[in-house]
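The two complexes that follow have subunit A in common; it is paired with subunit B in the first and with subunit C in the second.
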Partner chain A sequence: MKRIKCPRIRKLSADRPEASIQQAEKELTKLQKMTRQSTVFGEEIEDLVDQLRQVAAPSSEPFIFTSILEENKKLLQSIFKDCGDIEFRNFDAGGKSALLVYLEGMADTSNLERNVIKPLMSQTAPDNPNTGNLSEIFTTMKGISEHILGASSVSVLTKANAAIDAVMMGNALLLIDGISEGLSISAVKYVKRNIGGANNEHILRGPNEAFNEGLTDNIVLIRRRSRDTNIKVQILKIGERTKTSVAILYVANLVKPGLVEEVERRIKLIDTDKVLASARIEEFIVDHPWSPFPQVQTTERPDKVLAALYEGRVGIIVDGTPATLLVPCTYNVLMQSPDDYTIQPVIASLIRLTRNVTAFIAIYLPAIYVSVVSYHPGMLPTTMAISVAELRARTPFPSFLEAIMMELLLEVFQEAIVRLPQRLSGAATMVGAFMVGTTIVQAGLINPLLVVVVAITAISSYSMPSYTFNLALRWLRIPMLVLASILGLYGVIIGILAVTIHACSLRSFGESYIGGLFDITLLSDWKDGVVRLPSKLLKERPKEFGAKDLTRGGEEDG
Partner chain B sequence: MYIRLILGTMLLSMGIFLSGCNGARESEEVAYIVAIGIDKAEQEGMIKVTYQIARPNVEGNKGEGEKDTVLISNSAITIAESLNLLKATTALVPSMSHVKVLVVGQELAREGLANMWGSLKRYREYRGSMFVLVAKGTARDFLEGNKPSFNISASKYFETMLDSGVETGYYLRVSFHQFYIRLKSNSAESYATFVDISNLSGKGEIATPKVAGSKIEGYTAGGIPLQGGNPIQFAGTAIFNGDKMVGTLSTTETRMMAMLLGNFNNGFLSIEDPLLPKKFLNVNLRLGSAPNIKVALEEERPVIDIKIMLEGEITNLPSGINYEQESYLRLLEEQVNQVCHEEMANMIQHTQELKSDVIGFGYYIRPKFTNYQDYLQYPWFEKYSQAKVNITIDTKIRRTGLMIRTYPVK
Partner chain C sequence: MLFLRNFGVGKWSKICLGSILFITISLLIGGCWDQRELQERLFVLAVAIDKADEGGDTKEEKEKKSIENFVQPHGNKLYRLSYQILQLTPASGSGEGARKASISTYVISSTGESMFEMLRDMLGQVSKGFWFEHLQAIVISEAAARQGGLQPLIDLFRRDTEMRWLIKLLITSGEAKKLLEYKPPDGEPGGIFLSDSLHLYKKNPHVPGWIPGLGETSQAIDNKKTVQISRVELVEDIVKIGGTALFKEGKFVGYIDEYATKGTAFFSAAEKSAIITIECPDHPGKILAFELFRHETKLTVHVNGEDIYYTLDIGMKGNLGESQCGNQYDTMDEEAIHKVELLVAEEVKHNILYAFHMYQELQVDPGDFGTKLRAYQPLAWERVKEHWDEAAFPNVSLFPSVNVTIENIGSHK
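The block that comes next holds the complex of A and B.
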């Protein structure tokens, strides 16, 4: 029988020194120490939380004001932690300590000094006969604002969020020991551009002021033009983080019922972190974001906005963008320019008709050229057919490829000229003119007739009053060209049908994009549509936008 | 939304793949035919087709005095076969879409054209708008002889030439479509512009002598006294009986025909001075109203009543007689009436002899029949040659030109 050999049992610590009692004790004390420390930390955090929500602050608010100024200051400091441009100004007001919080650079300090700090500090005089009264005044912010402060616009704030927003907007926040309220004093003053001329919508006769980036200034530009109390301004805050102000402007007794509510609804539905330009808002509120056509009219001219408001439309001004949005927007509206109203009606009518023709040319001319030259030369006059053949004989590429090359070149030039600094863009234009005008033709790459066709097309698209519409036309040209090269004139006709049907089915806030032109019930709108009649005869507002009061003159409120 | 997208894609792809044009051809790969000439070939039963093809002037390869067209002839049994041969022998693809004129040699025209017309009308590349010409000699000679004296292309030459014919009424233009309609009609016969090459000798060849009271003779193409310029001449009309050419009308006759067709725009008339027959006077005439034509069916022969209203302007009065005066004006109008009456009567008689109702009186008898079958029963083309024609011409001289009174030369 084999004996099983038992290994001798030894102490674990002999084998593994780290398992010794001493070592374990050492570790244990370390752990106890850490636990103790974390309890302290926990308590401290709890204290902080307690401080932050002393009287059960509602979940939407970071904290609520207490009546102890030092605590309020601490709370605010924790909110504005690491915001170096926030100024905390302590001073003495009527024997109580006061605190003024404002954003450096956004608030008008001299204004605050004059109208807030100075009156409050002067209340400290002990021999003031109204001392008894004074202590009463100093119990509410309302009292202070009514009796002491010289600032023009103040509002009492009880909620912390509103106070923080007020500070971030550039207002000053006044806190006084013993009062659990804040007072927002509007003293916004920041660097901004002066009101300048319209850069992108220059007109020859007529006002040339244009919007700039400040929302209030922009609203002022409109208010100054009309002393009408019916012009309403509704301001919304959009953007999870930027909280950009968006103003909805309308004329209360004109606008189509339901339109303002719809605009408001769509703007409120916007779910984004930032709004840096009005185009962002535009993209969110349009009915068909995939369409190349602009479905919102953009303008930087206050007169244009006012004219639109009095047609029963709604304006949307976004803080920080001069480009203001106007809805609803139809083809007809985009084809009009303020200059039409400053020149003789017969001339304006002719110009408008020309504009409509050029819009057609801008989309279809290259396509028609390609289809006629490569599919239906029989449609050309014989001499022209032969001269086209003569011109084309020197160029190596099929007309479609030629046209695409030319379009590409044109787009490149346009892009280059737009992107380059102003001084250089002149040089780019020169290079373009040389290349396209002479060299490309001489080199036998592209035939001169096509250069003429593409040049006419480009000029046509530039003549649009709306830049976004011009872009739409430029975009549509390419699919038309492809259709023409595959299917000939048949393809061009398919393209024309598709574009027309698409434009007819587009709706901008309920109004058909192009359908209004063909609606017999809107015939009276033609007076100020494709043609323009003398102002004497334009007695009615466009029916298309459903203004409540259709007659322009007379009793507007009736 | 997705339904729309799917439907849209389906419709678009169907549009692209199931239909559309697929005859794309770059313009420099196409040879534009400007004129087609058809003649009898030397071989029995064959035709010789001549194509005048525009030659684009590509920079650098145009020599001095080089023509802007080339002439290519081939002989084949049909026009379609000839086109095949042309396609096989030229580098470029011939295109029929710019054919301006179709010239037929007289010899072939007199034999009949019905066999050819079908393929020209039915095949879509030939245009119904090309004009039909009949050349006195051969079509090839005519096309070869065409040397426009002004710097215009061959195609432009034919266009403007046929336009200007309308101005004088000395020749009429007829499109292939009109020709074809009349060919298949039982109310009118076809006609075509008559053309020829002049020898540029300056000697004329009178086709119809002047009538009493008139100062001018009628010519047919090739007979106009001409020196210098383009040797080819457009003058007169080739008239057909069925698909066969039977004769020609001279310039003066063509003018009367234009009046009856309502195509007479304006033209000068040189007539004898009614009071001084040795002198002449000129009036510029135009149609005052559409011709009023009535055809009555009488027992043995139809009776055609024609009323023509002419308006005129005096353009020359060498005699110095004061025709501006009311009483003298009547004399002048009478003279015009008489000359036109006689010329018109002669012209109609000429067509009656040739048994060819080129004016289309047949259209005016249609209302006399209760139904189309009855009309078809009536042998109009035979009856036409026996028809009695009454002509009334009413001339009103509206203006006396830029002078209101004339005095004789002292």
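The block that comes next holds the complex of A and C.
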């Protein structure tokens, strides 16, 4: 028999060197280099254009104001090129031409008309008694702002960057021929939501005002609740492009030394183009971004923020987001609700204990169910084992698959109800109730006991005061289920250990996430932690957050 | 790896990813080894051990027996092992009424010598594996116990990991398998019925106290003590538990009746409650019952030269539970009540001595006496320990002294 000679199969690159992966990589890097270079070129050309355009501006400024109004206007127009909502208003002020630049819709035009344009234009009238020193006043912006303008908040700007920022914030910029300065007139007025009730953290008794999107309004909501000059507000601008205002709030004589500086440092380190929601800030400043647990407390309630500030914590309000951040954040504070303080202490204590139990149930109950049913049915009392076995007698799937399917179904329903328009979500609820409650069980696909287990788990996780913590519990259920299905109760115990160790080693701005609960030196924090004692007995602030002054009362204040 | 590098994954992250992968794979390979769903297990609720040739007299049953059999390389056909197995009736979804109130069971058997071999042979009669973690009771027939003693019968159940210490042991003089086939009237499985019935020992002085579990029996065997096992009898469709079977060194010795079982409990205050009946003081032939609530018992051993004797001091408190002495009998009369107290004390003494003499006749120490002697009079124990049960124990004497207080009489003026 003739043997067919077969050429040895080799790599393609051995025959064709240009097809090798090193070669491709080399080409790729070359291409990347070229793209990079082209962007650099582009930037350089842009810089050259800028340099040609301006007279002698320092490198950080786009231009400098000149004393010729027409030139200033041209420079501004080149900056605001194609910004259709920028309004340039020319008028005559005391014989000189003036220019008002503002953002349409952000500036209060009637205010500007009344307090800026009208007083300035009236200066041209010959019967004005002040005409004598008019020319003197019109030499500086300071003079104009002091003598003529009726606006409440003005500031003289000499730098072009500051002037542009002022316009973009909604202020009006006033330029007058012959003066190489600008005047920023604060007349911000834009459409915004009214202060509404707390939708996501509704409580039964107690205040129900909630933050809205405006930073100043939000700060007002806090200021209005306390006449304390020690509440400090520090405003930073974050975001390369959006330049979002971020306010850091703290009580100067309470907060743990170094905490504010650390918060400030972390916020300043944020390197991003945009900040649209406070969650973005949260992700940048947390210690462990990969952990499922929320390491920053979020709230939309001003009273909650104030209570936290007086415990020595720091609040972060982000412009444009009602959800305000509170740090440091531990398991303990996430387990508290403002309602705990409006009901009787004994009841509140019981509710808090219940919450801790339900947190445990929300993570581990399905896992315990799966491990007991598939690995250790001997642990059940005999009569219960018999009834569980009868319930499961015709179930086609192993308990793990069953549980995963139910969890999946539950997540799908939750997602559907959240995503659907409000009018349709009722329909989704109905479908869910019918499908799971009756049909699936009747069809024998899933046994009723598992439905009970999953329902208890879901309800337990809903009872968490913090939505982000609820999400963490929901997430943790799945790995626990997998562990339980592979190793039975050993797996569940390994899971409990892993979660506990992780939560103990997790730090939020230096405070252990769950370790404070087990720290004997912090035992006095249990008074307003695991339980809640009557307010008369809560004379001390929590030690955990290291407040400078631990006594709440006045007489022992230092 | 090019892909990973693009995501900025460094050396440490690679190691982490690798170890996570390793752990996951080893868990998936090594885990799940004993996973068996609840409904995939056959609940064995009770076990019966008979002599191989016991029962089965009709032709039909003989035929049945011939198939419950296998070829056996070693040993003889000594025992017949029967399992009571839970029959899973699925709870159908159509409403409450569909749930069956009773739980059905069925019984399968095999004959052989090794219990384990019979167990595995019986797998030929079922479709799922046996599971013993909810085993409730082991019923042993007297004939099987007499044949080879207790040890070969329960060794498997003491050794295997699935067995629990609270499995109840019972002895019957008839055929044990019949007890597994017995269906309790309220629909619960027979194994649970037997086990729960024994749990009533707190109120029922006719079964031995907290003794007949497999664990306690094992301890008694290992400590070479007398083993006491409850007796159960089945006639027609009536099951009755009462009385005790005694085993000495694994050998069946005999039964003691309900009265002696109650007396045994008084030796060591093993009862929580007991009913003690006496004749009415002034109306002979009529009955009065004392309900025991609390008692304190102190058994003391005394050695006087060669002579060994015991004193038993008992203080009892309880109620006057029932009086059939007629209306003229005045229970409000303190004198009369005091008389009753004395009579009850007499009755308890009688009961104790009745039980004690029964043990002496059977030459079996119920457990308390030898232990006391060894603990308090070790020199005397050394002298008699070789032949304690046969020679020394039947000759010791017991002097009970009983003090009874009646607290409540349950009547008013």
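Throughout what follows, the second predicted complex is superposed on the first by the 496 of 558 C-alpha atoms of A that agree within 3 Å, B and C clash if a C-alpha of one lies under 4 Å from a C-alpha of the other, contacts with A are read in each partner's own complex, and residues count from 1 in each chain.
Here is the rule we go by: a residue touches a chain if its C-beta (ideal position, glycine included) is under 8 Å from a C-beta of that chain, and two chains touch if they have at least 3 such contacts.
Since the model is a prediction, treat every value here as computed from it, not as a measurement.
Peer 1: Record, for the superposition on subunit A, whether partners subunit B and subunit C clash or fit.
Peer 2: Once both complexes are aligned on subunit A, subunit B and subunit C clash.
Peer 1: Under the stated touch criterion, which partner chain does A:257 make contact with: subunit B (first), subunit C (second), both, or neither?
Peer 2: Neither partner.
Peer 1: Which partner does A:383 contact after superposing on A: first (subunit B), second (subunit C), both, neither?
Peer 2: both
Peer 1: Which partner does A:375 contact after superposing on A: first (subunit B), second (subunit C), both, neither?
Peer 2: A:375 contacts both subunit B and subunit C.
Peer 1: Tell me the contact category for A:25 with respect to subunit B and subunit C: first, second, both or neither.
Peer 2: Only subunit C is touched by A:25; subunit B is not.
Peer 1: After superposition on the shared chain, which partner residues are touched by A:442: those of subunit B (first), subunit C (second), both, or neither?
Peer 2: second
Peer 1: Applying the touch criterion given at the start, work out whether A:553 contacts subunit B, subunit C, both or neither, answering first, second, both or neither.
Peer 2: Neither partner.
Peer 1: Considering only the contact definition stated at the top, list the common interface residues of subunit A for subunit B and subunit C.
Peer 2: 373-375, 377-378, 382-383, 385-390, 392-394, 398-399, 485-488, 491
Peer 1: Taking the complex as given, what residues does subunit A use to touch subunit C?
Peer 2: Listed in rising order, the residues are 25, 373-375, 377-378, 382-383, 385-395, 398-399, 441-442, 444, 448, 485-488, 491.
Peer 1: Which of the residues in subunit C end up touching subunit A in this complex?
Peer 2: Touch residues, subunit C against subunit A: 2, 27-28, 31-32, 34-39, 41, 43, 45, 86, 88-91, 93-94, 103, 131, 133-134, 136, 162, 164, 189, 192.
Peer 1: Can you tell me which positions in subunit A touch subunit B when the two form their complex?
Peer 2: 371, 373-378, 382-383, 385-390, 392-394, 398-399, 485-491, 494, 498
Peer 1: Spell out the residues on subunit B that touch subunit A in their complex, using ranges where they run on.
Peer 2: Against subunit A, the touching part of subunit B is residues 12, 15-16, 19-21, 23-28, 30, 32, 34, 54, 56-59, 95, 97-98, 100, 127, 153, 155-156, 159.
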